[in-house]
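Order of writing sets the chain letters: A, B and C. Residues in each chain are counted from 1.
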Amino acid sequence: MNHFPEAWGRPRDDVYGAYNPLYLQTTGPKAHTQSPAVTGTSVVAVKFNGGVAIAADNLASYGSLARFTDVKRLRKFGESAIVGFSGDVSDMQYIDRLLESIDIRENYSTNGNTLNAKNLHTYLSKVLYKRRSEFNPLWNHILVAGFDEDKKPFLSSADLLGTTFSAPHLATGFGAHLAIPILRRLFPEETPLESISKDEAVAALRECIKVLWYRDARSLDKYSLAVVTEAGIEIQEDQQVEAQSWAFAEAIKGYGAQVN
Amino acid sequence: MFRNNYDNDAVTFSPQGRIFQVEYAQEAVKQGSVVVGLVNKTHAVLVGLKRNAEELSSYQKKIIEVDSHMGIAIAGLASDARVLSNFMKQQSLSSRMTYGRPLPVDRIVSQIGDRAQTNTQQYGKRPYGVGLLVAGVDESGPHLFEFQPSGMTQEMLACAIGARSQMARTYLERNLDKLESSSRDELITHGLRALKETLSQDKELTVDNTSVGVVGVAGEAGRGKIESFKLYEGQLLVPLLEALEAAEAGETKEEETMEVDS
Amino acid sequence: MTTLSGQPLSEAIGYSFSNANSAPHREHSFYPYTDNGGSTLGITGSDFAILAGDTRSVAGYNINSRYVPKVFKIGGDDETGDGAHIVLSVVGFAADGQALKERLDAVVKMYKYQHGKPMSVRACAQRLSTILYQKRFFPYYVHAILAGLDEEGKGALYSYDPVGSYEREQCRAAGSAASLIMPFLDNQVNFKNQYIPGSGEGHALEPKKAEPLPRETVEQLVRDAFTSAVERHIEVGDGLQMMVITRSGVEEIYYPLKKD
């Protein structure tokens, strides 16, 4: 006990170390999200004749901890659009609530929900851009799959800065490095969409997810796969990476048979 | 002293269940010059009769393009109409901005309907003194809506509002079965004929006092998916008025031959 | 001996929370910009103006997409661009570029709605400057070039810095390969360092006078500028999009570039 009543009951710095007062700060600039917390890794997607296929694993990581292993990162919108999320999971859930309310509002109109995937992508990119401009970003990189107003397959991306782009195949996060080269080799950009079948597209995505599972430390072998066609959305949320080959590990020092 | 105690504001019912201010606003619509609107399977057409306050003044605008897929025709207070059309323009621009989608016609019509209704239920407000015909195309095809100061809106196949509009409505009712299957140009001619019915004996449709607006789903010629709203005024009207004359000449000839037959 | 808080033991009260309000300011780790690379270029003639840009979009060493246009028609129909007589190119941060383009497009459309006549290029140029300057302290991170025909029907080209400083010019290159293209333009459009052979010795040597070039020459210059830039800059490539503004409207030309 000493003669400083305000210090009574406080942990002593020389015993416990100084408390980092950063977290108690009441002055200074308002702190928005500076970094994501619970995150999802890559989303991969590819267009094919008559639709779009999209896949993402079911993992939500907390840093390097595989925290939640049954998280659905592909979300349906209406009857013909899918949004794939990577990045912060709480922000994903917020955006999902936004989409839900829009879908409900749209369905009140006499003609039903007429927002297609392209309209949805425009909207989401505006939301992301607005939030980045407020220095309060939604920490996501999303892919939107579905159809445009001409009923042609549509696939486009938007990130936390509001940057948008579209291509016959897209991938977020680690997938941009690992999956895109595979997809570009399988389906070169100049090949007409008509020559890519649904089965080929789905097989390619499964292959990409497998490669990501091999090399992305924040990935999982359980994944979701959705296919959007004129007929509607088929979504499978309990897929398993199969027929893995760890033969490559043999050649790696300290990994397989080679110890030294 | 007072003849009517129940028309001092727009929020009080009379014992007969009427809101006089709203009815007076509807009178303002009836005093505006006539506008006609009609649709077929592919197009929506607006036709209006422009008035000038005096010989030396210009003609009051009757048809306003709101967006490339939509336009309005006005009867009543033009200044109130401008407020509404500015609102509609803002809404359709913002729909294009946030969703990249042209605003569906029924959506914007119910929005202005809601606005007009609040004016009849909040103290100190005044109803809009204008009626509108809203013509546009969206994913479900061409549409025509009628809007009244009371906030009433409804979809129409053909409609006319404004001074002496009963004559035009009679024409439209008589020819309703011909409208749906008519071509784009025939639809315009029907609109002009309906408009002509409302004219008093000494008046005629001229390039100065007529105004036509057309919007539709695109034919083979169009590049986009819609035929954008086009306003015909001045010299652009010449072919349309000629088509009207030709149609009427044909009609009278037909009637004459029929009379001969019988 | 010192405590963990760095003060000598004899003087330290040594309790946490004593200086909670003097915590260091935390740095904003969210950076709201990115560079999407690419280059744009504009040249005017006596009765036309050409604005061109490559169509690659990059993020670091990744190619986002091979077709993301940087050149836009302003004030035309949303789907077809019909009726536009002004063209804008933006290069830098693509999301800002997109936002800027949409704002200017809305301004030009509102101008036509309110005044019943199309906005002149001069007025549009001035307005674009104010739009950029309004965001002086959180700028649109883009180099914009605006092109059209002036009141006399001559080609008009205005180039901007990110905060709205602008100037009318004969030609301008912007973006990542601007430093490669601009000197080429100085030499080939404004005939810098070109002299009339045999006109004199030393200072008496007469410089070749610049005059407006015909359309075919300018189109070829633009193509040459980009095929050269592709060779020397990794962020430029994939496709060349050219907008030619003449009295009869805006013509769009696409020309493939190397995809490596």
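Couple of notes before you dig in:
As a working rule, a contact is a pair of C-beta atoms (placed from the backbone, for glycine too) under 8 Å apart; a residue touches a chain by one contact, two chains touch by 3 or more.
Since the model is a prediction, treat every value here as computed from it, not as a measurement.
In this view the innermost chain, defined by its CA centroid being closest to the centroid of all protein CA atoms, is C. Seen from the C-alpha centroid of chain B, the farthest chain centroid is that of A.
No other pair of chains shares as many C-beta contacts as A-C.
Chain A and chain C have centres, each the mean of its CA atoms, that are 31 Å apart. Distance between chain centres (mean CA atoms), chain B to chain C: 45 Å. Averaged C-alpha coordinates put the centre of chain A at 49 Å from the centre of chain B.
Residues of chain C in contact with two or more other chains: none. The multi-chain contact residues of chain B, meaning those touching 2 or more other chains, are 97, 100, 225. Residues of chain A that touch chain C in their complex: 2, 4, 6-7, 10-14, 16-19, 21-22, 24-29, 31-35, 125, 129, 132-133, 135, 137, 157, 161-167, 170, 176-177, 180, 189.
By the touch criterion stated above, chain A contacts chain B in their complex at residues 109-111, 114-115, 118-120, 122-123, 126, 149-150.
Every residue of chain C that touches chain A in the complex is listed here, in rising order: 3-5, 9, 12-26, 28-30, 32-34, 36, 57, 59, 62, 64-68, 93-95, 98-99, 138, 259. On chain B, the positions that touch chain C within their shared complex are 65, 68, 89, 93, 96-97, 100, 102, 223-225, 228.
For chain C in complex with chain B, the residues that touch the partner chain are 77-80, 82, 102, 106, 109-110, 113.
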